Structures are given as C-alpha cells and as structure tokens.
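Quick one: structure below, then a few questions.
Which chain is which? They are A, B, C, D, E and F, in the order written, and residues in each are numbered from 1.
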Amino acid sequence: MPMQPKKSLTVRIMQDKIYRLLQQGKRLDGRRPDEVRPVRIETGLVEKADGSALVSMGGTKILVGIKAEVGTPYPDRPKEGSFTVNAELLPLASTTFEPGPPDERGIELARVVDRSLREGGALDLEKLCIIPGEKVYILFIDIYVLDYDGNYYDPSLLAAVAALATAKIPRYEVGEDGKVEKTEERFSLQLTAIPTTITIGIIKELLLVDPQIEEENVLDVSLVVGTDEKGNIVSIQKNSPGLIPIGLMDRITELAYEKTEELRRKLIESAGIPLP
Amino acid sequence: MPMQPKKSLTVRIMQDKIYRLLQQGKRLDGRRPDEVRPVRIETGLVEKADGSALVSMGGTKILVGIKAEVGTPYPDRPKEGSFTVNAELLPLASTTFEPGPPDERGIELARVVDRSLREGGALDLEKLCIIPGEKVYILFIDIYVLDYDGNYYDPSLLAAVAALATAKIPRYEVGEDGKVEKTEERFSLQLTAIPTTITIGIIKELLLVDPQIEEENVLDVSLVVGTDEKGNIVSIQKNSPGLIPIGLMDRITELAYEKTEELRRKLIESAGIPLP
Amino acid sequence: MPMQPKKSLTVRIMQDKIYRLLQQGKRLDGRRPDEVRPVRIETGLVEKADGSALVSMGGTKILVGIKAEVGTPYPDRPKEGSFTVNAELLPLASTTFEPGPPDERGIELARVVDRSLREGGALDLEKLCIIPGEKVYILFIDIYVLDYDGNYYDPSLLAAVAALATAKIPRYEVGEDGKVEKTEERFSLQLTAIPTTITIGIIKELLLVDPQIEEENVLDVSLVVGTDEKGNIVSIQKNSPGLIPIGLMDRITELAYEKTEELRRKLIESAGIPLP
Amino acid sequence: MEKPKLISEDGVRVDGRRLDELRPIKMEVGVLDKSDGSAYVEFGKTKVFAAVFGPREVHPKHLALPERAILNCRYHMTSFSVEDRKPLGMTRREVELSKVIREALESIVFLEEFPRTSIDIYVEVIQADGGTRTTGLTAASLALADAGIPMADMIAAVAVGKVEGHLVLDVCDIEDKYGEADLPVAMAPRLNSIVLLQLNGRLSREEFQKAMALAREGISKIYQMQREALKRKYSSVEEG
Amino acid sequence: MEKPKLISEDGVRVDGRRLDELRPIKMEVGVLDKSDGSAYVEFGKTKVFAAVFGPREVHPKHLALPERAILNCRYHMTSFSVEDRKPLGMTRREVELSKVIREALESIVFLEEFPRTSIDIYVEVIQADGGTRTTGLTAASLALADAGIPMADMIAAVAVGKVEGHLVLDVCDIEDKYGEADLPVAMAPRLNSIVLLQLNGRLSREEFQKAMALAREGISKIYQMQREALKRKYSSVEEG
Amino acid sequence: MEKPKLISEDGVRVDGRRLDELRPIKMEVGVLDKSDGSAYVEFGKTKVFAAVFGPREVHPKHLALPERAILNCRYHMTSFSVEDRKPLGMTRREVELSKVIREALESIVFLEEFPRTSIDIYVEVIQADGGTRTTGLTAASLALADAGIPMADMIAAVAVGKVEGHLVLDVCDIEDKYGEADLPVAMAPRLNSIVLLQLNGRLSREEFQKAMALAREGISKIYQMQREALKRKYSSVEEG
C-alpha cells in the first residue's frame, strides 16, 4: 500500500475511528459506506430567475439559479448558444469560506459542474441559436453554496440539472425590423442527457461515497466521477491531495456507476424531469 | 432615554465635555450648536474641467470637477442624459483615509450626493439628450476630499451644485453625415432645483449641526438630511451607528429645514447661481 | 562630493569592496568596469508567437514574445498602427519577485522599453495601417523576466528588438465584402531604427555598466540611457534613489554612447537584423 | 415602459393590499446548520437568508479591538435575485447597504461584552422584490438572537413608500420603481429608537411625519412576528 | 473551421506518430540560476519552465503551519503561448490547474520534514501545444528533485486522448481540440499510485480502462527519461 | 489635429514666453490642515497639492525597517485634471511617476534619523498642463520642509523640451504633445546633484548638454522661490 502524507494527531485519531467503522460497514452518521445522504430537491423557489433549484444533500445546501441573456455566438461556433457556470462558496455556509471573489475551490467547483454538463451533453446548444452567427441565448448558471457539510460537488450538479430541466426561458424573436426582441412567451430547455456525479473518498483501501464534513477532513484522497445515462464516464476530478492506488480504480469505477445511476433516478423523480 | 453603545474612556470624557458645552449653548470652536462653519466657494479653478468648485466649510475642503462625455442612454430612459457621482477620500486629507479604490465611506458619500441631486431634481435630464435613444450627454461628477475636519457630506453637495451651476458644457451636434460632433460652443446647465444637506449630530437629547472632527468622533449618532427650495425633504441618511430617539425626529426635521435653507442662500449668493 | 543616503553596515562593506575593485579597474565577476556580460540571443523559440526572442545577459534571462491583433486606431492617429509593451517579473526569476499584477518595477521596465522603441523610432507605425481610421495592426510586446541576476532593462530591449526584427506578422486583407480577413501570408516588420540601452551604475565618482545583482544592491545610484544608431539619445531613466553628481554627466553620456553602440552591433550580428 | 396604474380608486394596491398592509411574511429561525445563528425571512417575494458567526477570533489579529467586539456585515444579492442579472462581486449599492445594516446592528449588540473578537453577519438576498435591506435587517436580528448574542433589543424594519401620492406600507419592487419615495426604517421598538433611516425620493414635512408613523405601526407587527418565530424555534427545541 | 482528418487509415496521427507514441521529449535540469531548483521540459512544441524556492520562511508569518511545510504552486502561461493572445493575469483555468498540480505534488513531498516553512513552485508555460499540465508537473517534479527536496517518489505525467474513436498517447493541441476526450494522468510509479486524474470528455468504461493502461505505459517511459535527465545534471557536476 | 505653430520667428512661444522663460509660478506652504506639512504649487495652469504625513508608525508593522524610515509616495491626478477624463484608479503612468518622485525624495531625506517609521507623501495633480511630475516634486519638497523633516537639501525641478528644433524651458502641455522631446529634471542645487532624470524624446548629445544647462538655470530660480515661500510662511507665523 502506498504512503499517504502524514497527518496531524487529531486527524489520525479521527481517521482511525472512521476507518474502523468502515471495516464494519458503518459510518459516523449511521450510513453504510456506499450510502448517499438524503437528497431533497425544490425547484422554482426564485421566481425572478428563469430556472432555480434548492438542493439539500444531508446538511449541505445548494441554490442554483439560471438567467438567460441574448448575446453573440463564439466565432468558431456560430450556430450554437452557450452557457457559463459560476460558483460562490458563500461565507454564511461555513467558517472556512471567505467573502470575496471565488477562490480556487469555487473555481474548481464551477469548472467540474461545467465539464459534467458540457461533456455529459445535457444541452443541445444548437437549439439556443436565434440568428446564426449573430444572436444566441447565453445561459448563466450560478451556483451558491448556502450550507456546507461536506461534498458540494454532487448536489451542485443535481441543482444545476434540476434548474435547467425546469427552467422557462423567455423567448426572443426576430422582429420585422430585423431586431431581436423579447416576447411574452417562454420555452423549456429539453435536456439531451442527465449527467450526475458522485464523490468518492478513500481511506487506506476502503471507499465511501458522499463524504460528510468530518469524513472529508480526514480522507486520504478523494475524487469526483460523473456519468451519463448511456454508460459513459463524462467527467473525473481528483479533487484533493493524496495517492489513489492504481489497483483501486476498478472498484472506484464500479461504485461510481452504481451511485451516479441512483442519484440520476432520484433527480428524475424529484424534479419531474422527462427522460431524454 | 435609550441606551447608546458604550464608549471608551477617552471618548466618554470628550463627549461629556462637549455635552456640557452644548447645555450652555456653546461648542469647542466657539460656535453655537446650530451654527455651521464658515463656507467659502470658489468656482472655475480647474479650467480643463467643464465645471469645478473648491468649497471649504471650516477646515474641510472639497474639490468637485465635472466632465461631460457623449454616450448612449439607458434603454428604459431613451430621452434622458445621465450623471454619475464618484467620491475619493484622498489620503492627503486625513490620516484615516487610505490610498486605493473608494471604501464604504467614499461610496456612501457619492451615493448620498447622487440621491440628493437626483431626487432633489437639480438637473433636467431630458435637456441632456442629443438624439433620443442614441446619443446623450453623460456628466461625471467627481468629488475629492482634500482636507477633512469633519462632515464631508454638506460641502460635497455644495461643491457639486456649484460646479454644475457654473459648468460650461461643450455642445455636440448632429453633423450632416448623422455623426455627433463636438462644436466650439458651450452651454450652461440650467439647474431646476438647488438641493442642500445638513449633517446633524446627537449627544443624548441635544442636537448640533455640521460637526467638526473632534465632535464627529464622539457623537452618539448622526444623520444627513437634504431638502429642496420647495420645502421637500429629498434625502436622508443615518450615517453612523447609534440610536436616534424617535421623540427627537420633529426637532431634527425643524433644524434640518432651517439650516439647509441657510446653506442654500449662501450657495446661491457665493456661486452666483440663478434661482431655478 | 555629494552626500549619498546612508547604507546599512553589510551594504557598506560590500560597496567598499566593489569600490576598491573598481579603483583597480576590476569587478567581482572579473569584468572590467565598462564591460557588459556575455550576451546570447535566440529567436523563434516560441512558434505560436508572431515573433519571439530569448536573451541572456550573464545570468539574467529575458523572454519576449510578440502577438499581432487587428483593432481600431487612436482617433488622433488614424493612419497608424500601435504597440503596447508589458513586462512581468516572474516569481521564478528571483525571490524578490511576487506573483500577481506587475508592481512598479515591472511597470517601469515596460515603460522604459516602450519609450526606447517609440522615441528610438524602431517601428514605422504607418506601415501597420490596414484601413485608415478603421483597422490597424496592434502589436503586443510582452516581456517575461525568467532569471534575474541584475539589470533587466538592457536585455529586455535587446529581446524586444530581436523579436520585432524577426517577427512574421500574419497579413490581414480587406475582402470583397469590405471585411478584414486573415490571410495565410506573413510579413516582416522592417525596423527603421535599432535602439539599445545601457544601464550605468555609480559608486562615488566611479562608473560601471550592466551591474550584476550583487553590484546593483549596493550602487549609490543608477540610470538607463538609450541611443539610436544616428547618434541620438532616445531615452533616459534614473531608476534608483540617489544623487547623480552633475559633474559626472559628460562621462556618463560618453560611456552610454560607446556601450549602446557595442550592444547594437552584437544585436545586429546575433539576430541577423538588416541595418535600417 | 409605460408606468402602470398602481393604486385603484378604492385604495387597493397592485398586489391587492390595502395601503397600510404588510405583505405575507414568513420567518424561520435556525435554518442553516454551520453558522452559529441563522434565519430565513420572506416579505412577499423578497426572500433573504441571514447567518451569524461569532463571537470568534479576529483575522488578522491586529484588527482586534481591546475594548469591544468588531461587527462585520456583508449584504449580498445572488446574481439571479433581480430582473436583469446582477454581475458577480459587490456593487456600490451592496457596499453601502452593508454599512447601514451593520451600523443599525452595532446600535443594539452589546459589543463590549466580547472584547478582541469579531461577530460576522452575512445577509444573502436570494430574491429581491423591494425592501431587501429592511427584510435583511429583520433576518439578521433573528440570526443574532438565534446565535445567543446579547442585544439591548431586537430590530424590526420595513420600508414605507409614496406611490401615486399615497403613503404605503412595505413597498414592493414595482411600487419602488414607479413610486415617488422609498423610506426604509428600522427601529429598536423597546428602546423607542430608530437604528436605520434613509430616504430615496421626495416627501413633504407632513408626509414624512405620517410615513414615520406608518413605519412604526408596521414595525410593531413585525417585531411581534419575530418574537413568535423565536418562540417557535426554542419551544420546539424544548419539546424535541 | 472544418475538422481536419486526424488519424489516417493505417493509424498514423496528424504529426506522424503512432497511436501509442510520445512526442519528442527534451528535459533539462538546473536551467535557472536564481531558484533553488529548476527544469525545462519540452513535449513536442509544449515548452515549460519550472522553478522551486524553498523550504523558506513563510510570508506573512501567521500562515505558517507548526507541523509541516506549506506547498504553493502557480501554473501560469505567457500571453503568447497560445493561438489567441491570453490576457495578462490568471484565468480561471490557470487557477484550477495550479490547484490540481499542487495537490499532485503534495502527495509525494515529505512536507512534515520542514515545519513552519513554505515550498513555492512556479510552472511557466511558454508554449502550449496540448498536455501543458502534465508537462508542467513533469518539470515541477524535476525541479523539486534539483532543489534537493525529499520526495517519496518522482511524478511523471501524460495526457491520453480519444481521437476519431482511437485512444492516443500524449495528445497535442489539435487532437485535444477536435478529439472526444482528454484524460491527463500523473502517477508516482514506484508507489503504484495516481496523483492527478481529470477527464474532460466522454469515455466508456472499457475505453477508460484502456486509456489508463496506455497512460501508465507512457508514464513509465517519461519516468525513465526524468531519471536520466537528473543523472546527466549531477554526473556533469561531479565531472565538472 | 493639425500641429499648430508653436514658436514664432522671433522666438516667442505659444503662450507668449521666451525660450528660457518659466511660466508664472505660485507657491504656498501649509495649505492643508490635517497633514503634517503641505504645499500648493502652480506652474501656469499646472496645479498641484502635496501633503506629508510622518514620521509615523508603519502599518502593517512588519514592513518597518530597523535602520531607517520608509518613504512612500503616491502621485495621483484627479479625473478632470486632463483633457479627456482620466479613469479612476492608478494608471501605469501614475505608478511610474510615483516611483521616480519617491526615489528623488529618498535621495535627500535623512531617513536614518527615523528608524521603524514611515514618511508618506501624497502628490495630487488637480490640473495637468505639462510638467506635472516636476511641479509635484517641487511641491513635495516644500511640504517636507513644512513638516519639519530634515533634508540634505531642497529639491527644485523643471522640464525642458525640444519644440520645433528649439530647446525651451518649462514645457506646457501643447509643447509636450507636439514637441520632439521632454526632459524632466530635478536637482538638489546645494549638493550639485541630479535627483530625477528622464527623457521622453530624441536629443543629440549637444542638445542634451544644452538642455541640462537650461534646466539648471530654471531650477536655480525655482529653488529661490521655494526659499521665499517658506520664509513667507514662517515669518508670518512669527509675526502672528
């Protein structure tokens, strides 16, 4: 077994405790190692957003809102709309979050959610074109972490997908004068895939999913794995220092498929998302 | 009488001294409680600005300059020009001011002056339109605090109004090719109101106006009240921590009307502003 | 002899040592007082840049890259392209450089190189015009200090000139629809002058050129002087605190002419620059 | 946009309220786990979270005050809380409102009981439909109580507006936008004192007096709701 | 732009390589004088400097940790390293890559041997043609060794891609741009462990397994080259 | 814009001056109350305030030097001081000029007399019509004297220009804009030394020598006026 960076005494004591529980198939909060915390999804809380979702996964609470604007497409993709993901780790969520522009954790979160949505193929960007080469919809997907009890990755993607799936985007149309104007109508984004991720933590040779904060603080290492409903891995992010033994990769992949599928089912049911 | 936050010993000693003076109708610098410091207004000092005024109110010195530019109107007000107020508390004015972008005090000052001008109706923004929906004048009203001996609010608004009232704005005209071009001509802004503010300080149940810095540091609380010449209150800002006893509000309002009217008369005389 | 600001003891000891060596016509690293360190110029290292040069002058290493973009000309110079110089003192070059936006040293370096190029007349900016008043080339000249062993001024200008002289700029042309489009062709900038600078350090009444870091730390004062090949001084920057005795100016000028001419010859040879 | 008719001839407002009627108000205490105290408050569609951390050690240490706690406050809106997306980062408006909310709270918290510490208050507006500063202050006050921070009184707050010549209690966004004045007021009712007062608009002296009286009535109702919200939280804890 | 044909029918890539072939690699150790350790690494046209400072005193002091060194890392690209000029300052991408590179290095450096100090690593990409984070990590690992910082192992890294349905080793920029997946992997080979792993793209479970195996093969070659580069430096020092 | 004719055939400049003539100069010492020393200086339409604070405690403390004072300097222009509105915040030009002005002052202030303190100098240009750095330095020097900071000498400064082939003393904005060279020079006359020297433009060796001589003449006049301005301030104090 590979070396892991040495931990301070208090971390080692807690790690030992959690490791011994894991050996018995148990965890601090009574979950099984492969059990995710209870998930609650509420959509439409913010009426002024074009889509919104408040997701709690255990004690971690995420609010995502969507705003659509009209802008110009990227020159190399004239027929496609675009989207941008931002994430703010609000200081009211944790003593470890500071006010101010996103630090590396917020940026990483936004980029992992972005890649999971993008490579997961959740949106048909060509449907977001108004006039090719000139006007397209731009979706701003903004993630706010409201309460942080470990693992903000998985609930953030759940909230982003739920907000997108239930969004009602104001329709813009080309008027007689060639100008693009907002109409009273709104349309739904029809998601073309439902990506989900699972965060997997490792202590020695044992795995656990969806770490709660006390666990997160003492893991040897962790990673986030995303899949789509067609059986593809669509994103991976090793998101902490530490060594992942190569020999564990097959068990990790296996577990990731199982748990992302489970979260996908929950998401589809709770948010009433039509299957793509 | 309501509780006020406890003060440190030195603050309490100074506050007691000022309070006892106030009880006798006196102040540290020999003024009466309801007496503003001597006001001096000099306009046109900065020839490269389209309007400028240097105002001193006792030991507090404010420089305001106006620059006009041409830009596009706000979409929801296509027939109106606009103005923007900025304030910098220059580090040469006080040991308590730091170099760098405006902190909350500078931002508050700018926004209080902005609201007093805007809600006071000083400018007829429709007169600042060149081509409706396309080109309007944008006035930049920039406030610099040069020397700070307490109360920068009231002299900043005096300086802003004096600079606006004496400004000569370069006239832009629509040329034959439809383009907007600068002409040699300049025009005056005809002010449609003359708002002024007065800063009122409170110690226990006693009021004073235009606090000088030693007073400012030990007040229980203070607020800025603005009026126009038609008898309206056009802005209020409680601008410090502390409790304002509800029972004092009538005396505060009374005093505010009297002193803002007095400052308005001084401003009109010194800067030679035509009555709107 | 004028007073110089007092130095700390360790600085004084090192300064004494260097001064005594200078009196004997010697220096710490074996150079003569008027000898520049070995210069090595490598161009074209960065193929994705439109021009690039890596210059070492002793232990100081500078990388300069050029990128051309198309933009609009300045309103008061409608027939001229433009260029912008930036400099980053990379933290990998020295323990005294910090990550983050350029501090005053980086800004000064960029501005001294900019003025030397601009006033030295290195570029014929009218040749960088595509459509007068509408489209011109904008050159971004970006300087990165990779290793800092004293005097980053002179090698930065050498690298900037070498990168410009060997650049191949993508040609843009006006298409049939009036739009400006990138072609496959590339063209050379024909330099109209070859400015170089020399940094001169002073200890008491003695001069040295191209100070290495141990010297730089103990100089009484230093300045950078630039010339062109026609015998003009094209830039001067006193770049440190300290007094330059007026009586030394003639010797300084003399030395500057000699050493900038020497560097110009080296630059022309090494980089294969055609004489303007 | 054409100004819509905001008050009917028989004194009914655009959302069906009477002139002196508050919007439906929802208050919940202790909604966020990781802070020392928190609250969620809705005034109609205005929805605000507030959380309190502290008293805790000051970072960096040299900012600590020997004789009292520092009180920090950040009022912030999510990007999607308003009609047109708010850019990320703090706007000048948010900086100003953070200051006036902080100063209101400094008026009633017993800061001198916790020297060398900081008390940090975060107000997060997730939807803005008028009265966000007063709703935020109402929530912050509940969060402070939930955190067990000793205060001389609770703060309750509301904005009074002038709309089509009428004074109205608890302005919503459209009334604020097309109205003639917006007067946010916060009081410490037990202390008979004003802790926040701003005016954006034009009022005559008489209107100002009436508006203050109207605010006071609203505030006493809100204050009552705050006490009930706290009772709900703590009685349920005792029961639980 | 039309997507070009990237792999010929007989499995030859756009730059002439076989599917499992690395680009020409150049490694040089100790190239910068003023840092405590440095390296220059080229993978084809991807060119990267790395430099290490430390262990050294932490500024400001209160950031120091009593039981171990802090490891800082900045991954940065020059403005002209990419096709379209990169604006000055750190992009979000650079911030993320700084984090994952740092975390990879934290996995193998014996930080607890240098309490209260910092080790600062700067990765400067002077040309980017795909695989900059893996090239940067390979260079940073050499620079750490050059600085004499004790490590449990060296890190070698490479990106595997999926291009026109084929898994390819050591993706270059055009393959990354038009390809279906980019899988950067870094390993500590002696420890049989992964220290960096990201996926940008879509892979089936079988493709992922094969891609990891392909990465591992490439990494063991790169690891060998690193050892030789270090030997070259230090044997030449002994000779000199 | 067409370049205007700047020097007439009989050597008269655009504002009526001779080639070697200074603009009307106004100097006033002690104009700002809250700083420890201050001055206001006009060279024609160039108008500058300078203020000095210190020697005072350094914030944050760890920046203090054990053997001497730190000297900080900020050169700043108001937004309306120039033809086209200057954006708020420090431009690169202002950062550079802050550095060269600070370094000029560091040359003559006895910093070692005030270890562990800072001396902070603020130069505020309220109107810029050429020669702002030299006017600013002249004002800063007066403000330092007013603050009672011990100096080896006073600094006087002026810019020499080359305009239509002629060397001219004390360039104004239009001469700078259309001229061939701008040579700002500051001297400590009693020490026979140069403390600031920059050249923006092209001069032959002979022109440079003549320009330096011209600067020196101007500087000795300015130096005289500085002494008189100080005398006015302090004699009036004694009289008062």
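One rule holds for everything that comes next: a residue touches a chain if its C-beta (ideal position, glycine included) is under 8 Å from a C-beta of that chain, and two chains touch if they have at least 3 such contacts.
Keep in mind the model is a prediction, meaning the values are calculated, not measured.
Participant: Minimal path length between chain B and chain C through chains that touch?
Facilitator: 2
Participant: Comparing centres built from CA atoms, which chain ends up most distant from chain A?
Facilitator: With centres defined by C-alpha atoms, farthest from chain A sits F.
Participant: Pick from B-F, A-D or B-D: which pair repeats the contacts of A-E, with over half of them the same residue pairs?
Facilitator: Checking each pair in B-F, A-D or B-D, only one repeats A-E, namely B-D.
Participant: From chain C, which chain is the farthest off, judged by mean CA positions?
Facilitator: Result for max centroid distance from chain C is chain D.
Participant: Quick one: report the Å distance separating chain E from chain F, using the average Cα coordinate of each chain.
Facilitator: Distance between chain centres: 51 Å.
Participant: Determine the centre-to-centre distance between chain A and chain F, using the mean Cα coordinates as centres, and give it in whole Å.
Facilitator: 58
Participant: Using mean C-alpha positions as chain centres, tell me how far chain C is from chain E in Å, no decimals.
Facilitator: Whole-Å distance between the two chain centres: 32.
Participant: Report, in whole Å, the distance between the mean C-alpha point of chain C and the mean C-alpha point of chain F.
Facilitator: Here the centre of chain F sits 27 Å away from the centre of chain C.
Participant: Residues touching two or more other chains, restricted to chain A: which are they?
Facilitator: none
Participant: Which chain E residues touch at least two other chains?
Facilitator: Counting only residues that touch two or more other chains, chain E contributes 60.
Participant: Would you pull the chain B residues touching chain F in the complex into a rising list?
Facilitator: Listed in rising order, the residues are 45-50, 52, 59, 61, 63, 65-67, 69, 86, 88, 90-95, 99, 101, 140, 142, 144, 146-149.
Participant: Mind listing the chain E positions that touch chain C in their complex?
Facilitator: Its residues touching chain C are 32-35, 38, 45, 47, 49-51, 53, 56, 74, 76, 78-83, 85, 88-89, 120, 122, 124, 126-129.
Participant: If you look only at chain A, which of its residues touch chain E in the complex?
Facilitator: Chain A residues touching chain E: 2-6, 8, 76, 104-105, 107-108, 110-111, 115, 119-121, 221, 223, 228, 231-247, 249-250, 253, 257.
Participant: Which bits of chain F are touching chain C when the two form their complex?
Facilitator: Residue positions touching the partner: 1, 67-68, 92-93, 95-96, 98-100, 102-104, 106-108, 111-112, 152, 181, 183, 187-188, 191-205, 208-209, 212, 216.
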